[in-house]
Every structure is written in C-alpha cells, then in structure tokens.
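I'd like to ask some things about the structure below.
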Amino acid sequence: MAAVLATGEDRFEGVRLLVESAAGIAPRDGDLKTVRHLRFGRPGIDRGRWSEISAMGWLGIRLPETAGGAGLGMAEYAALAGEVGAALLPEPFIEAQLALDFMGKDAPAEALSGDRLVLPAWLDAPDGLTLAGGIAEAAGGRISGRRRFVPMAAAADAFLVVSTEACWLIDAKAAGVSLEIESALDGGHTATLILDGVEAERLSAPDAKALEAAALATASALLGLMERAFAITLDYLKTRVQFGQPIGHFQALQHKAVDLEIEIGLTRAVLRDAVETFDTGDDCRRITSRAKARAADAAMLVTRQAVQFHGAIGYTDEADIGLFLRRAMVLAPRYGSAGFHRQRYASLTEGRP
Amino acid sequence: MTATVSLAAPQPHADLNPLPDADFRAAVRNWIAASYPQELRSPPKRLHAAEAMPWYRILSQQGWLAPGWPRQYGGMGLSPSKLLIMIEEMERYGCARLPDTGLTMVGPLLIAHGTDAQRAYHLPKILSGEIIWCQGYSEPDAGSDLAALRTSAVREGDQWVINGQKVWTTLGMDAQWIFVLARTDPRAAKQKGISFFLVPMDTPGVTVRSILNIDLHDEFAEVFFDDVRIPADAIVGEVNEGWTIAKNLLGFERLFLGSPKQSEGALDHLERLCHHLGKSGDYASLLNGLRMELEDHKSFYTTFADRVRRGETLGPDVSMLKINQSALYQKIADRIMDVAGELGTLAGQVPDAPTLYPGSVFLQARPTSIYGGSSEIQRNIVARQVLGLGR
Amino acid sequence: MAAVLATGEDRFEGVRLLVESAAGIAPRDGDLKTVRHLRFGRPGIDRGRWSEISAMGWLGIRLPETAGGAGLGMAEYAALAGEVGAALLPEPFIEAQLALDFMGKDAPAEALSGDRLVLPAWLDAPDGLTLAGGIAEAAGGRISGRRRFVPMAAAADAFLVVSTEACWLIDAKAAGVSLEIESALDGGHTATLILDGVEAERLSAPDAKALEAAALATASALLGLMERAFAITLDYLKTRVQFGQPIGHFQALQHKAVDLEIEIGLTRAVLRDAVETFDTGDDCRRITSRAKARAADAAMLVTRQAVQFHGAIGYTDEADIGLFLRRAMVLAPRYGSAGFHRQRYASLTEGRP
Amino acid sequence: MTATVSLAAPQPHADLNPLPDADFRAAVRNWIAASYPQELRSPPKRLHAAEAMPWYRILSQQGWLAPGWPRQYGGMGLSPSKLLIMIEEMERYGCARLPDTGLTMVGPLLIAHGTDAQRAYHLPKILSGEIIWCQGYSEPDAGSDLAALRTSAVREGDQWVINGQKVWTTLGMDAQWIFVLARTDPRAAKQKGISFFLVPMDTPGVTVRSILNIDLHDEFAEVFFDDVRIPADAIVGEVNEGWTIAKNLLGFERLFLGSPKQSEGALDHLERLCHHLGKSGDYASLLNGLRMELEDHKSFYTTFADRVRRGETLGPDVSMLKINQSALYQKIADRIMDVAGELGTLAGQVPDAPTLYPGSVFLQARPTSIYGGSSEIQRNIVARQVLGLGR
C-alpha cells in the first residue's frame, strides 16, 4: 500500500492519481527480474524505461512550467520517489532531479526530455549534505577538481559539477574527465569524478534547497522500499510453516512485526509533516533531518529484520528480500546518514520553540 | 507581523484555530504564566481532585478544559498542531495533570454514543468540574484479559442491580461518578453479554478502598458493588453491546495515553536535571536524540488526532501510538535515572531544586506500559487486527 | 539460587559454606515483613540483627586476623554482600565494611564487634568513586567541612570522615556535627554531614582500594537482588493465569524473561572475573568498573521488567517486587553509577592489551 | 620479569598453559606475525578450503589448530583465559577463519561419543587437514523445526542407504566428509528414530549444488543423497539415538558460535573504520561502550568454556551465550554501517583501505542469529528448559 503524504483533499486526490499512474513503470507488486538483470552491469540502467519516465513528465517535476517543469511540489515528488523506491528501480531518478533542481531555469531541454541524462557531482566526503568548494576554474572556463560518490556515473551523458559558488555542465565524454568506478552493494555503482581542465558551461550558483528536496525524496524512497519489504515479509510469515503452523502465529515474531509497523508508521508521519513544511516554503532543514534520519534507521531496521524473519532463505541471493536490504544499505547514507542528520538537527536547534 | 496582536489575554471561549501557530503559542504561554496557580507548579505526585480543582476551574472559565472536543459541546476544537503546542506549553510550565477521565473518555464517549439526555446532563457538569469521573474496567482476575470480567448487572423492574468488584480505578476516591463494564448475559460468549453503565459513586452499596502505588501515592482504588441499584437509563448504548462501546472508548484512551504529554514532561525534566548537574554539554547528544524521537512521535500523534478531528473512528492501529509513547516515556525516564546519580535515590524532591524529583518521575513512568492495556496486549491487537497475523 | 563467585575447589567450598551460613540472617526466601517494618523509620535498622551480623564475624571480613578481621578475601565478602542484597537488609553492611577497610589496622575493636556502628562519609558529589578533599583541620585536631550522601547516617554511632589526605573518626553526637537527612526510595535515608569544628581522632590516609571493594560488594548485592527478584517473577509467570493459561506460556514474555536471565548470567560472570582479579592483587579498577556498570544496568533492567511482568499488581506498594526495584534504584548509583564507571573504564584504557 | 623468556618462536606442540598470560599473549602475537600468510590477511569474504589451506597447515604443524581439544588428542588444551587471548590476537591480526567444522564440531563429538576406531581414524585427519568436514542438518522444510527432517537411512544388509536432501551446508563444496542426521525409524515420534552418520562426499549418489549468499558468496551448498550406501559402522552412537548426539553437538556449536571471535573481529573493524575516517574521537564513547560489552561477553564465554574444560556436558543454557554473541556482533555490525557513510555502500573493499569492507561485515553478520538455531529458537529452548516456562 502506497502512502499519500499530503493533507488537503484536492491535493491528496492529485497525488493519489499520480501514484496510481506510476504503477506501470514502478509497480509495487511486479517481479524483480529486470532489477536482477541490470545488477552489476554497466551502465546498469534501462534507457527505455528512462524515456518512459521522462514521457510521464516526472523529470523536472518541481520546476515551474515556465522552466519546462511540471510545476508541482514536494508532495508529488516524494510520492513518485516512494514508488521508484518500492520498485527498486536502478535508474537515478532522484539524482537526475537534483541536477535539474540545481540548474533551475538553466536546465537544458534535453535533460528534461530524458534524452540527455545529467547527473550531479557535488559531494566531497563520505557523508553529508553540504556543498563543497575545491573546483578550480581556469581562464577559458576549463575546470579541474574532483567529486566523490557520484551514483550511476557510468550511465551519465553529462555531469553537473556543483560547488558552493557555481555549477558547471560538462559532457561525460569530454577530454580531461575520468571516472574511478566502484560497484555498490545494490548492483549499481558509484564513482569518483576527476576533472583535469575540462571544458565546461558555467551556470548560476546552486540553490541549496535542492539538496533538501533530494534528502526528502530519498527518505520517501526508503519509505516505499520498507513498506514493500514489510509486505513481502508479512506474506512469508503467513505462509511459511514450521512446527505445524505458519510462523506468523508465533507471538515473539508477531510482536517484532508490530514494532516494524510502528517504525514504518513513524516514518510516514514524519515525512508527511516534512513534505508539508517544505511545500509551505518555511525553513525545512530541521524536519528534513528528522525525516531522513528516521527513514534511514527505520529502513535498515525493517529490511534487516525482514531478512531475519525469512530465516536461512533470507540470507541467500535468490531471495528477493535481500535486494531490499542491499538497496536500503545504499540509500540510507545518501544525502546524509542518520548520524549526520542528527548532528545537523542539533546544530540547527538553539533553544526551543 | 506576529508581535502586534494582543495575545496576553485571549478571550475566554474564543476560537483560536485561526491564529497562526506562533501567535497561538505566545497566547497560550502568556495566559498560562498569568493564570496558573504557582503553588501547583511541577507537583512531584499526581494531584488529587481537590488539589487540582483551582486549575480545573481556571481552565473551565477560559474554555480550555477540553481542547479536543468539538466547539459545539464546549470544547476548543483545536487542530492537532495547536493541540501539540498547548501540550508543549503546559508541560514546560509544569502544569499539573487534571483528574481528566471525564474530559478524555466520558465526554468523547457520550458525544459519540450517548443519548441527547445523557449529553445534556453530563457534558456541562464535566466542563464545570461538578462531576469528576473514574473508570470501572479491570477486576482482580480480569486485567489483561478484560473480557473475563465478572461484575454483574441484573435487570429488576426499571432498575439494574450491580454486584462485583473493580480494581485499578485511578483517583477512585475523588470521583463522583464511575462508568462500569458489567456482565448482563452470563450465558453469552466472553465478549458478548457485557453492558456499559454510568453510576453515581454515592449510590448505596458502592464502597471504595484506596491502594498505595509503587511511588507510595494513593492513586488507585478498588471499588466494590454490593446490590447497587441504578435506573434503567443509566446504560450507554444497547444492552449486551457494551464491549463495542468499551473498545471504542479504548480508542480514545489510547489516543490520550499516546499523546506526547508525558514524554514532553519527562524530557523537560531530564533537560532541567542535566542543567542542574552542570552536565547539559556532556549529555547534549543524548538530549538531542530524545528530542528528535519526541518530535517524531508528535508527527505520529498528529496522524491519529487528525482522524478524530475528521470524525473518523480510531481503529486498532491507535494501539501503536500508545506502544510508542510508553516506550519513549520509559526510555526518557530510564535516562533520568542514568543521569541522576545519588539524586535519583531520594524519595522526595531534590532539596535545592524542588521541581526535580527524578526517582518519582522514573516510578511514575512504570505503569504506562501496563494500564489501558499493557504493551504486550497492544502488540497482540496490532498483530492480529492490523497485520492479520492471528491464528 | 546463590552464585558462588569463586574458582578453585577449596575456596569454592568455603564460600559455599559461608553463603549457607548467611541464610539465618539474610534468607533468600523469607518474607519481607521486617524489611517493610523498618522502612521510613529512623534509625531504620535493627540493632539486634546488626549484633548477629557481627557475631557471625562478617565485619572486617577482609581485614587481616592481626587487625581483628577474618582474613578472607573479596570472594567471601562479595558472597555475603550478595546475600544481604537478596534479603534487602537495610543494615549498612557494605558501608560499615568500607569504614573498616579505610581504617585497616586502626579499626577500633568496638567497630569490629558491632557495638559501635561507624559509617564512612567520603563523597562530595552526586556521583563517583573518587576521594575528595575539602576537610579543614584546625589546631587541636578539630575538623570542619561537609560530606554528602552518607547512607543510613541516622543509625551511626560514629562517622569516619574521609578525605584524600587523612581519615578522622568522630562521634555522631559530638558538638558541631549536624545532619541534613533525606528519605531514600528504598525506605532508608541519606544525609549530608556538616562539620563545624568537630573534635576528631585523626587516622592514616585512606587506602583507595577500599572503594573498589565497596563497589564490587555493591555489584554483588545488586546481583543477589536481581536474582531473587527474577525468581519471584518466574514464580508469578508460572502461576498468574490470564486468557486461560499461566502468562509464562506466552512466547513474548518467555523471550523477555530469557533476556533477563542472560543479563543475570553476564553480571555473574563479570563479577566472578572481577573478584578473582581483585583477590590476585592486580589492578582491578577497569574490571571493577565493568562489574559495577553491568550490575547497575542489569539490576535496573531486571527489576523494572519484573514489575512489568507483574502487571498492575506490580505497580502497587503491597507487591514485594516493588521493594526490589526501589532498592535497585538506591544501589545502582552507589559507589559510582554505570555512566561514571563507563567513563572511568574509558579513561583507564589506553590502547589495548 | 616477563620480557626475558624467548617467546618469538614457541616450540610446536608445546604446552603453553604454564606461561603467564602476558607472556602467552606475546608468544602468540609474535608467532602469528612471523607465520601468517600475508596474502590472506583480513579477507573480505570467508575463504574456501583451498584458499585457507596454507594457514590451516601452518597451524597444524605448530599444533595450534585445536586450542580447545585435550592435549592427548592433539589439541592445545588451553584454559579459557588463554583461549580468549588467542582469539583476540588472531582477530586483531586479521587471520582468516578456517574451514573449521571438523575442529569445532566433529572432533569434540567423536572425543565424547565416537568409537576408538572412529577417533583413531578421524582425529588425525582433521588435524592434518586431510579431511575437511561439513554438516548435514537442515532441510528445506526442516529449518528451525530441525526434528521435522525427512532424509531417511534404511538398513540393507551391512549397509545404510541414505536418501534425501540437506541444505545450508556451509562450505559443502569444499568438504571431503559430511555428517548427516537421518530418520531411521519413520514410525517413531518426531525426535525419536533419528540417527547420526558419517559420510564421505565422494560416495556415489552424493551431489552438491552451491548456493549464493546475500553477500554474493558461494558459502553454502545443498547436498542431495540418492541411494547413498555407507557401511554399518558409519553410524555414531546407537541407532535411533541421533537426536541426543545432535543436541550434544549443538552444545559445542553454540559454544563456538558464542565465542567472542566474530564480535572481536567486527569491533576491530569498527575501530579501524573510525580511525580511517578520522572520527575515533567522535565515536570514543560508542567504541568504549562496545568494548566493555565485548569484555563482559568474554567473561560469559569463560563460564561455559570452563565447563567444557572440566569435562562437563553443556546444558541448554549455552544457548544464552549464542544469543548474546549474535546480538552483540550484529549490534557492532549495525554501528559499522552507521559510521561508514558512503563507504558502507561499496560492494568491495574501500579503495584506499583494502582491509576495510564495512558493507560485507554488516551482511556477514546477518546469519549469525539464524544459523545453528535462530535466536528465537534459542530463546524458546532457554525459556522451556532453563526457566521452566514451557507449556
């Protein structure tokens, strides 16, 4: 069951329809063959599905219509991210969106249409949600420097290199670009992007709120992921028989399952409030940190406990439940780990309301 | 923009929902500071009704006694976000808990299931403080297994005759009325054949004996019924349909017990304790983590409070709210003992800081996972009725 | 069941006999009427039982026979403290022992015989296991200053005032002595001792290892207390019927009970190793900190969970189980809380073995 | 005093128990540093038998393969405190885990229950590495409910004929022999009528299929038995008494799985990870707390290891050791992910720190609460057999 994280009746209905429409691309009950098929390959994504995603108008969903976007808000974006998360799609939906959000009105039409996949390269440390400096621009607009942990970099047509003072658009095949690619646990990959005098198009300085949107969308993806992992696990508890009865009859497992349902409910509630705060335009950093920290911890708890509920079969690669755990491991630290966000919450909290 | 409205003295019974949240908070804060009886600030034990009555009456006159009731019945009809602000401000000021069974349970129950006559008679008397209510649910052999209750009600002419014993009746010595679950069909299956009655405590045959709790406070009572005769219209709902009403009432109780009120008060206590010990810095990370958990719990609370406000019935999933609040409250209370050192061994208040009483906070947090259905029972309910894991 | 925390067969047997002999004074299965009777009274102890305790030779158990002691070790002392803890005796056995250990060869015969109850006054903060300064000695040997949290001070005939540089013996009724007494949660009390030019007998500087012994003995008392609280709770789980069966048949309660048994087992094991280290004469501070931290946390967990298992009845004063929780609350921070001992462990750990 | 003894090269097969602990530690540390194959240091996955064999042989020659076996059978007969030191030193150096089923299970089993002939044949071959063992317990429909197993052994003349399927056989592809639980009396009650057999894997009719685990390592196998014929003396103990032997063996397994080895390795990993990230200071309190828990677990381990050393049989309470070790190991592994940030998302080693592989440590910690009887099953056992809470 997908959660609609919106209050207000009209908007609620709009988000509900959007979620329904997502089922064709990102079904909650489909098999995971294509996910398995793309694992550990390069570029590791399905360009056909990427075109479908853009055809649905999901790219630039938060950009104003004048900038070629859909003019919708965080509630709609989060809802789609939740479906993409639940479907374990490997396509870098949130990353591409982040690049578009960073570029805003500068976003090129080919990026919005999905024809040119632009991925953001902004991170310079193993953890955080803070823009970094360290990109040097030489005369003639050539840039040098490096960015770490660029997800799905091998699939990119272009990179948006982001620093505190500016963004630069570069072609992935431009001279001076090199990638050090590492496989990620979910079958995707992550890369260090090294720039050595690369020809670049300089754009405006990035809007840091784009990172808040990415963090919230990731929290939503984690919510979708844990909801589906839990649903699969409940089915297993109802059907797997040991000692002459379904294991879901055992009270100790029942009580643990309830604790997971509570974690999911908490995540959904916090995310709802966070999305609402984002869309009202208020400073949403504290509640974004709450949402991302809760979602990361809850998703890890739910998916690792889901593996435990599955017993030995859950520890094999052939069981789908492990795909959810491995994706949770990859998404949990993205756009700031729970620990990072707890620290940020503390540093943003001075006194009490 | 927010500073010019005169918030120091909000009008009694005014509709405060249109105020922006920040203004509402300022109004509540100012009004409490101006109105709260200082001698009742941060009491180390739950007050008896007579002790709490000055504050009860002040809230009554202001129209703030029943923040969650609809305005048409004399409540504030507050949105969940404003309800949370009100809870925060009251807990932080150290406002005492009221004898609130009428406000949190009987009122919502009668609004949903009472007759017009019951509503007309009882709601104003709850709001004025004329009638303080208590609850007659548990029995010595029917605690977690509430439906095993044996107190009986037999119809004789135009009266019901009640016999039996109730226990764990909070503030039972202070109440004027009690609501009672009693068995009206001894041959029916366990949950069938139970009915729901309203009984004045001064009816002949009712006796009350207080029980000392673990914190040595006479918070509870046993209530004995010996041929207690009440009129036919003292029933709520239909005969033998009391279990349904009781379950519905448990929904309200779980929402109330799931409110962040207790955790807010405890976390405030912990913060003040750390400050008193000069260790706020050492425990900054602990305090921040608990604060985030509490704020998350408030979001969870909003989920359910919103439903009530929309007029929906609370389902079995509200048990999750109570489980989470109990766990969080006890976790905070546990940390209070961790931090307190020898101050946590004192039976009373800390001598040079009388609003601190860490040991009592810890002990008072114990029953929250027991009363209103233990956390184990709540998990059974959710597993079976929400997750479908029953046999 | 009492645990014998000694390895080596001869010693094991000796400790076992000692524990058996304790049953007359500190029974594990007696009713708790006398404990209830003494609660919240002053002086709050039974001098008759105190005489019995001294007659058994328990006072000065660790002092050499030449100093009037029993010449036994930590294993024996801890075993007795465990029985005193399990019996919830209000008499300040560990405190009196601490005074004797501080005094060593200076210990007066009346203290060893139990005729004169000497209680130590050494603490100057709400938490810790560190000797304090701040006792001023004027010409003529009169002392001034204060000490906090002196347990059962109203029962003392004399106080041993302890500071980093010396101990002083003073009469409880001496001029210039005043007590600010606060009731404690277990029905005992604790006092601030204020000294204003009090006539005092100066003794040697205290041996800080006496505090380690007191901390270990307290850990053992907590162990005895939690063992008995758990035994009472197991009985309750086997006899209390709800939903047509003993509540101990419910798996969720079974599993929680197992976790408490594990905590008890861990405490017993750590304490055994700590006592052994103490008796070998090695530096025992790190393992003492482990033992006290574990015992404090475990006792709080076991007793509060024991109350939960008892349900509503557990929350009443009439249920005995609450006496164990309230005593655990008092003993847990004594001679250093778990938090204090974790910090001490860290500060004593430099690198690894 | 402790520095003058020549500890760099302890004699093979020497009795090291008389050494003071500090000297023993120095001897072990020096010997490992001098002897351990560098290319096997801190492998990110469990090694296959062929990969681990160089280290296996080095330990064999030194006489250090079986620290817990009595010296008369070729073990070291180490005291628990020295065993703990050996575990600490090996984990901290990053020594790989061996294919250890023969050492930890079959050896102790045959010492306790085998015939003289079985001991004489098998123990030397385990100690030399000639025979690597694996375990045939679980079946697809007999996991937690192990006694529901359906693999059968039928007596035909002087042979047993085995048919059925085993699963979750660790390193089943690497082993030369397997020990198998099979049903020998289909009409007896569930736990009766099971026997215990020793089977060479190259017997006709045995087939092995590997299974990829969640960390994408072919750690497990399924083993199929299709009319597998073994001689009459391939049984351990009496016919239909296999369940008793299996339970006894589970005691050894739980002692082994309850050893602090895995937690020690994981905590070492966490400490190195924090150091690598420059955050040892930030996480000092976390690391200290885990270190204390681990040291406490070692004390707990000593309780049970002492019993084995005294020749006592381990009772059902050893399950508590495994529960606690699983919980601690997983807790440390969870913290590794908390600390790792994006480094925890990598499928392989951290590029500039190849002895770090946080994601794999986390995944490898998953099954510890499942295999050898899940933590839930272990709690059932303790509740019923130790606490007497059974039905």
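Of note:
As written, the chain order gives the labels A, B, C and D, with residue 1 at the start of each chain.
Here is the rule we use: contacts are C-beta pairs under 8 Å (C-beta built on N, C-alpha and C of every residue); 3 or more make two chains touch, one makes a residue touch a chain.
Predicted, not measured: the structure shown is a model, and the values here were computed from it.
When the partners of chain A are compared with those of chain D, the chains appearing in both lists are C.
Remark: among chain pairs A-B and B-C, B-C carries the greater number of C-beta contacts. One finds 39 Å separating the Cα centroids of chain B and chain C. Between chain B and chain D the centroid-to-centroid distance comes to 53 Å (mean Cα coordinates, whole Å). For the pair chain A and chain C, the distance between C-alpha centroids works out to 54 Å. Counting only residues that touch two or more partner chains, chain D has 376, 379.
Residue positions of chain A touching 2 or more other chains: 250-255. Under the stated contact rule, the graph of chain-to-chain touches falls outside the line, ring, star and complete shapes. Interchain contacts (touch definition given at top) occur between A-B, A-C, A-D, B-C, C-D.
Against chain D, in their complex, chain A makes its touches with residues 40, 123, 125-128, 148-149, 180, 182-186, 190, 241-243, 247, 250, 252-253, 300, 304, 307-308, 311-312, 314-319, 322, 325-326, 329-330, 332-334, 337-340.
Residues of chain B that touch chain C in their complex: 138, 141, 143-145, 148, 167-168, 211-214, 216, 220, 277, 334, 337-348, 351, 359, 362-363, 366-367, 369-371, 374, 376, 379. Against chain C, in their complex, chain D makes its touches with residues 25, 88, 92, 284-285, 288-289, 291-292, 295-297, 299-300, 302-303, 306, 317, 320, 323-324, 376, 379-380, 382-384, 386-391.
Across the interface of their complex, chain D is touched by residues 7, 234, 237-238, 245, 248-249, 251, 253-255, 257-259, 261-262, 265-266, 268-270, 272-273, 289-290, 293-294, 342, 345-346, 349, 352-353 of chain C.
Interface residues of chain A, counted against chain C in their complex, comprise 250-252, 254-255.
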